[in-house]
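There are structures below to look over.
In what follows, chain A forms one complex with chain B and a second complex with chain C.
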Partner chain A sequence: MTGILRRVGMTIGLPVLLLAAWWFASANSTDFFFPPLSQILESLVDEWFGPRLAADVLPSVLRLAAGYALAAVVAVSLGVLIGTSRTVRGVLEPVLEFFRAIPPPVLVPIFILLLGIGDGMKVVVIAFGCMWPILLNTVEGVRAVDSVLSDTARTYGITGAARLRKLVLPAASPQIFAGLRQGLSVAIILMVISELFAASNGLGFAVVQAQRSFAIAETWAGMLMLGLLGFLLALLFRVVENRQLRWYHGLRRAQRSS
Partner chain B sequence: MLDVRGIKKVYESKDRTVEAVRDLTFTLQAGELACLVGPSGCGKTTLLKIMSGLLDPTAGEVLLEGKRVDGPPPGMAVVFQEYGRSLFPWMTVRENVELPLKQKKLATARRTELVDESLAAVGLAEAHAAYPWQLSGGMQQRVAIARAVAYEPHVLLMDEPFAAVDAQTRADLEDLIRDLWHRFQVTTLFVTHDIDEAVYLGQRVLILSNSPTVIRDDLPIDLPDERDQLTTRSSPRFAELRARVYEQIHRAKPAAEPVGAGATAVPPSADHGTAEFGA
Partner chain C sequence: MSGSPAVVSPGSAAPVSDTDALRRAPRRRSMPSAVLGLIGLLALVALVEILPRIGVLPREFFPTSSEIGSSLADLVGQASFWQAVLDTLSGWALGLAIASVAGIVLGILIGSSRFTREFTASTIEFLRPIPSVALIPIAVLLFGSEIESKLLLVVYASFWQVLIQVLYGVQDIDPVAQDTARAYGLGRWARVRYLTWPTALPYVMTGLRLAAAVALILAVTSELVIGNPGLGKLLATAQSSGAIANTYAIVVVTGILGVLVNLVFRAIERRSLSWHPSQRAELPA
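Now for the complex of A and B:
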């Protein structure tokens, strides 16, 4: 019991401390650009958890989900292909290195030319930017499939689609998840960036809008909202990962203790 | 049943050519339990990979029931030395044993029956829901053996399966192999570097020379069929056979090589493979 209390205390201790410091430091602030935290929180609840939740947060999250899912599917499929075939790797690698070197935000103007300013453009920007860590990690994971395990599968006639499902993907899954985790943070950044240029709703759009109309408390609250969203998504990711990779964590523990 | 004819394997790389296996010919009769013993580095694993269709020979051919092997044949199961790397760590024990049966498209009822029977036969009926990494090394190898047995192979190949387990577990597993062989009558080729193990297990011991490898001797083991670790191993006949194999293996060393040049005069039992698991 005391153990649990201690852990809870350690986890939320610092956030509580920081919030308290901010609260008291800003309590009597008259500076227009640094409103008291109470005002910011009020705006967070009234605006961001109010009408803006459906009007701005939801569209952002949906675009994020679409872009991230698109990136995951494309990157994992391509990664399996590149990791399995030496020829495909040889042909694609230089091209991929080039594309990977382009900072995704500069692609926004190009994609606007090609795809317009709608949701499609934003989804593509997110997908294009966050697929690289997923792709590279998948390639590495697929290439590192254990040779004995691979021989075992062959002797038992596990080839083709069964090999992919039962051997390659599970064996590469620890690295695929590492890539997905990196990809998630990139995706959140690009979600905001894609909304700064040409948008009519979304988190990034709303924060800029608030700042331009001198709704300072709301601007600050938007930042909090983004932090909260990222935190929640990371938490959700960890839950899924722990479930999928339970075998891997168990295996690692067993190897360490032997 | 299993014909190995004139197998030769040469590894070629840019600056050197290594002749791992020179010329190997032997035949396994149906239902036989034969052991293949040879000094370390004599190409045992190369031979086994060729026999199981994982590697193409430079010359010669392997015939399983009259059919040429050019890829892993359906009627063959292989147990590898590295048990920790041959079980799927993301599957439970049961799923591991069942996977090849699913691949064979057996009906669910039949699969359940085979899995239960083979796990019980290796003494792991209780452990079916565990993951391999929750088990000890010896138990993991038992799972790999159960998987091979459940597959109902016509030929079972084992590549130094006990090289990485401790002595007591090893003795238990040796008896398990004899027991399973009696029960399921599977043609079995057991590859080992351990002379005692080869003599204790086999009806017949094939002795390999040093690399480039040829068959040095083909020795029938005329010990009684009922064997146990204590009386069999202390019988005079066991000692004689053991001495004969030992002598052959020692003669297998190339005489021309000067003493002290690396691979000379190392007792074969000192070779312990590579136990990469858990490193």
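Now for the complex of A and C:
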């Protein structure tokens, strides 16, 4: 019992302290830029969990999901193709490294030129920006498939789709997930950035509108909302990853303790 | 189709986030990878030259390689371009320096006691995934387009990369070495200097490399969105004035900067870890 109490205390102790400090430090704040936390929370509940949830948060999340899914499918497929052949890999690697090194937000102006300012542009921006870490990690994961396993599979005549499903993808999955995790944080950044330039709805758009009209409490609340979204998506990702990679984490633990 | 001759087994390979393992794995090769890579880059340049010319890509949105190249040559001759590069790099370097020092010091402080580690874990887990771009509105409200707004974004984004790696690194201390150090009466400072720091150094280096890449992204983003002077602002200006070849040329410059930052930090990593008995597998951030 005391063990559980201790754990709970450890988990919520600091957040409670910090929030309390914020609450009391800002309680009677008349500073224009630092409104009392009570006002911020009020705005968070009334606005962001109210009408804006469907009007702004949902479109953002849908575009994020579409772009991220597109990137994952394209990048993993391309990554498997590229990773399988040493020559292709050698030819493409510097090109891919270059594309990865371009800060993804600078592509927004270019995609606006190409695709206008609709939802399509935003989805493509998200997809294009977050596919490079996924792609490069997939290439690396496929390249590093255990040669003994690979030879064994060939000896047993396991080729084509079966080889891909039973050998290549599972073997590369820890790296693919590492890439997907990096890709997710890039995708969230691009979700916001793509809405800052030109949009009529969306989380990033609404926060900037609030800031431009000096609705300070709402701006802070929007920031909290973005933070909450980032945190929830990261949590969701961890749940999925732990399910998919349970075998791998178990293997690592076993190897480490041996 | 012969399988890849790599010897890294999926179990022993940590999910490295980059191509480090590539260099370590022995491989037979028919052609040096530098030649292959050069072919790839040349092919890219050729494609960008040819596709807009034959009309596969719309000419008005896709300048050819030669057009991009000539505006790049123009840019390189302008003082304002170098000023923008300097602005971007100084914001990047300053932000990265602040984040690194803060990340390393806090990481060692938090990581060296079990209590502080557990006490801060939930807060760190909550704050870390908050996208740094969420800070843009507040940065604009507080600082406008002064350098502080850029620094706020850069520092916030890169701080977590360093902190997390340092926390991993500090926990990696060999308990036997720890006890030995205590038994020989090494003080707190000496233990940090001779035990904690060398153990954590590989992780610190990984964190710094990741942070350097993220810091560059955020520096350019902040210039693009907030309008701090720098390459990002130059890009926004070029795009809004319809100078398409210029826009592409600046994108290429940011890509080259990104590659250079990556190469420099890899070199630093190799140099500073040359004493290290085995390159440790890096933990996913």
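The definition used in the following text is that the second predicted complex is superposed on the first by the 256 of 258 C-alpha atoms of A that agree within 3 Å, B and C clash if a C-alpha of one lies under 4 Å from a C-alpha of the other, contacts with A are read in each partner's own complex, and residues count from 1 in each chain.
Operating definition for what follows: a residue touches a chain if its C-beta (ideal position, glycine included) is under 8 Å from a C-beta of that chain, and two chains touch if they have at least 3 such contacts.
Note that the structure is a prediction, hence the values are computed from the model and not measured.
**Student:** Chain A superposed: clash or fit between chain B and chain C?
**Tutor:** Result for chain B and chain C: fit.
**Student:** According to the stated criteria, A:Ser43 is in contact with first (chain B), second (chain C), both, or neither; which is it?
**Tutor:** A:Ser43 contacts neither chain B nor chain C.
**Student:** Between chain B (first) and chain C (second), which does A:Ser60 come into contact with in this model arrangement: first, second, both, or neither?
**Tutor:** neither
**Student:** If you count the residues of chain A that each partner touches, which comes out higher, chain B or chain C?
**Tutor:** Residues of chain A touched, chain B against chain C: more for C.
**Student:** May I ask you to decide whether A:Thr138 touches chain B, chain C, both, or neither, giving the answer as first, second, both or neither?
**Tutor:** A:Thr138 sits against neither chain B nor chain C.
**Student:** After the superposition on A, what does A:Thr152 contact: first (chain B), second (chain C), both or neither?
**Tutor:** After superposing on A, A:Thr152 lies in contact with chain B but is clear of chain C.
**Student:** Given the superposition on chain A, what is the angle at the CA centre of chain A with arms to the CA centres of chain B and chain C, as a multiple of 10 degrees?
**Tutor:** 80
**Student:** Looking at A:Ser194 after the superposition, I want to know if it touches chain B, chain C, both of them or none. Which is it: first, second, both, neither?
**Tutor:** Neither partner.
**Student:** Just chain B (first), just chain C (second), both, or neither: which does A:Leu251 touch?
**Tutor:** In the superposition, A:Leu251 contacts both chain B and chain C.
**Student:** Considering only the touch criterion stated at the top, classify A:Ala162 as touching first (chain B), second (chain C), both, or neither.
**Tutor:** The first partner, chain B, only.
**Student:** Quick one: classify A:Ile102 as touching chain B (first), chain C (second), both or neither.
**Tutor:** Second partner only.
**Student:** Smallest separation in Å between any Cα of chain B and any Cα of chain C in the superposed model?
**Tutor:** Minimum over all C-alpha pairs of chain B and chain C: 8 Å.
**Student:** Which residues form the common part of the chain A surface touched by chain B and by chain C?
**Tutor:** The answer is residues 146, 148-149, 151, 154, 170-171, 248, 251, 255 of chain A.
**Student:** Chain B touches which residues of chain A in the complex?
**Tutor:** Where chain A meets chain B, its residues are 146, 148-149, 151-152, 154-158, 162, 166-167, 170-171, 173, 247-248, 250-251, 254-255, 258.
**Student:** Which bits of chain A are touching chain C when the two form their complex?
**Tutor:** 10-15, 18, 33, 83-87, 90-95, 97-110, 112-114, 133, 136-137, 140-151, 154, 170-172, 174-175, 177-179, 181-182, 185, 188-189, 192-193, 196, 204, 207-208, 210-211, 214, 216, 219-220, 222-223, 226-227, 230-231, 233-234, 248, 251-252, 255
**Student:** Any idea which chain C residues touch chain A in the complex?
**Tutor:** 1, 3-19, 21-22, 25, 27, 29-31, 33, 36-41, 43-44, 61, 118-123, 125-138, 140-142, 213, 216-217, 220-221, 224-225, 232, 235-236, 239, 244, 247-248, 250-251, 254-259, 261-262, 284
**Student:** Tell me, which parts of chain B touch chain A in their complex?
**Tutor:** Those residues of chain B that touch chain A are 49, 52-54, 72, 74, 76-78, 80, 82, 85-86, 88-91, 99-100, 103-104, 131, 133-134, 147, 151, 278-279.
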